[in-house]
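Letters A, B and C name the chains as they come in the text, with residue numbers starting at 1 for each one.
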């Protein structure tokens, strides 16, 4: 599975006084199995951009190829796109509607027209992936779950479609620290097990730095830079200028005058600090 | 399409019409609508059109904005027009099978369509020049006498205030839920009517759940801010009649006198 | 949560009897042995009501002018505790008093709610009016304040949260942080002594979070008593006091330095440490002897630089 986006633009309220260029001339490629982090100030166009990738929004200009298929072309079946690109929106638990967790997760696969046996297999697989116990949870009402469980059940509904591309918009927003960690490790294991491309939109720089192979930075509708977390977080001044911060470990490394970009997480930071002190002790 | 509906929309401007007391504007609008049913000949329509044209100019709301508001009800206007043209008895001027057009029908259809258009223009002017909040205050104040008859006027006004506040929020919510279900392969656009109605369930249930959640949160927040009904409440912007309101009231009286005079004399 | 409490019951007072070291005199808010149970009628058949004990024997004094942070997982009872303080909920047993007024006494309810304001998590669901300044006026209007005075209060409250420019706007056009600041202004306009913030930054982006924390800092400087419920540990490091709740009970209570020293306990509760505290404790494990009680990245960085020289 690959993604190729070229010259993508989208303008809201075109022609009116308050028209806004939400996405302006964005191009990028994503290789099979990559984990992409997307960061940007609120209103920088991240959400608009990702909603194009599964055909929910149509671009004003530009093209998107998913697995070699031009999804902006005429006569493309939405069905075919949705099967390949799964998307979990912000606060996905607000879309739960079925009587049982099982039926809610089955909603996507059922829309794909799969057989009951196939649906059952996928629901079990998805519940396992998000770490919800099938025996205990499948027949419960999704509305009776805890906040973190609801979130995971909702994401399971997307995973059950077995997408080759999984897009997650702020999947940890509003969760307590434990549920936050649960959702992150769930995303990591889904990425590893399904080999899917994952695109994670988040304001949490720590998570982005720790999980991404590459980071896309959006500002005012443009993709202003992309690179490994080390490359992107090396330029703290630039990021601050567009309203973004650094992961706390990277920020700390900067404070200590260490090579900040190379510090992704606390493990890196601790290594660097002990190296620094050993160097001085010698 | 939803964007086109100007009825209920506010057009920000600092005209004299905008500044008038909402209670006065409400009463005048009601009288204006009543006056539309008083007139029955060409001269009457001239008085009405000239008056509403004057108000429109004074309000500084662009004409195209008002005209755009007519679009969604064009169908109703055309239907009324057709109904009147074909259904009125009188001197036949054209006939085809069981369809016949009469002079009286033509006249009637024309006037009815005109009346509808003037009605929409007049009532959209009310909302275009009055902030929803002011309108709510005005309705509450006008209905105050009914409170003694047991009508919960304050509660009604509070309901309207909250509705105005949360309609945009619920629209956003609906949009989000639709997108989320579409992303899971839901299809709202094809299939039989029965299928499409069934496809609404995954939208309606989360929407209702969301609305209840909002209601619960809001009730809690209102209580925390000492809300306990209308008793003993004061108002930041208490309505007060000003000299310009008096002037507008006189102008309105003049207009009504004109309409009645025309009806009686001509 | 149900079931028997964990083995280590009872509040561990991190620093014994340290309470009110900085704040002498009668506590402003007094919570005594508070128990609160939610009752839900079973919807299927005639089974007895489902009882869930959300707060299970909490005692807490909040001195006037102090900043108390309450931390705990979802469902630990911290929100329920907060709603008991301004009489939105009434104790199942035990008592809550505000400036000597018991929340169970009907005569005091409105005075308590005026004095102890509350800001909630969801910025969308607590604004009543479609115009910012009308919303800020909502509280004073309910109190029956004279219109001229309301105008003055609204003006001052909007300045306090830096939202004067947006006073005529509709809330749905504002950012999350701005909406939350309007909600705070609505409480400030009631001239409260204390404000309880129930996860006010949970749904905000980093910028909104910063805006709201700045406003809270300013209110604190003005002498408003602050109770902040949060999941973000870094928001608690300059509180006067940190209270950690688990399963309806207080399990840790003390100054931030005292509480965050108990790293293992905090992590076993499914919580995280503030960034600097976690870093310091892991550096100690690597043989770098960072002293305890450094709570901010600046402090740890300062020590690392100083000790190396």
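Throughout what follows, contacts are C-beta pairs under 8 Å (C-beta built on N, C-alpha and C of every residue); 3 or more make two chains touch, one makes a residue touch a chain.
Because the structure is a prediction, the values reported are computed rather than measured.
Chemist: Line, ring, star, complete or other: which describes how these chains touch one another?
Modeler: Drawn as a graph, the chains make a fully connected set, so complete.
Chemist: Count the touching C-beta pairs: is B-C or A-B ahead?
Modeler: B-C
Chemist: Using mean CA coordinates as chain centres, what's the gap between chain A and chain C in Å?
Modeler: Centre-to-centre distance between chain A and chain C: 31 Å.
Chemist: Using mean CA coordinates as chain centres, what's the gap between chain A and chain B in Å?
Modeler: Here chain A and chain B have centroids separated by 44 Å.
Chemist: In the complex of these two chains, what residues of chain A are touching chain C?
Modeler: Within the complex, chain A touches chain C at residues 41-42, 146-148, 173-179, 203, 243, 245, 248-249, 251-252, 255-256, 266, 269-270, 273-274, 276-277, 280.
Chemist: Mind listing the chain A positions that touch chain B in their complex?
Modeler: 51, 54, 56, 78-79, 82-83, 86-87, 89-90, 92, 94-97, 107-108, 111-112, 143, 157-158, 161
Chemist: Using the touch definition up top, name the residues of chain C that touch chain B in the complex.
Modeler: Residue positions touching the partner: 83, 86, 88, 110, 113-114, 117-118, 120, 122, 124-131, 133-134, 137-147, 150-151, 154, 170-172, 183, 186-187, 190.
Chemist: Quick check on the complex: what are the chain B residues that touch chain A?
Modeler: Answer in residue numbers: 173, 176-177, 179-187, 201-202, 205-206, 209-210.
Chemist: In the complex formed with chain C, which residues of chain B make contact?
Modeler: Contacts found on chain B: 131-133, 161-162, 164-165, 168-169, 172, 213-214, 217-218, 220-228, 232-238.
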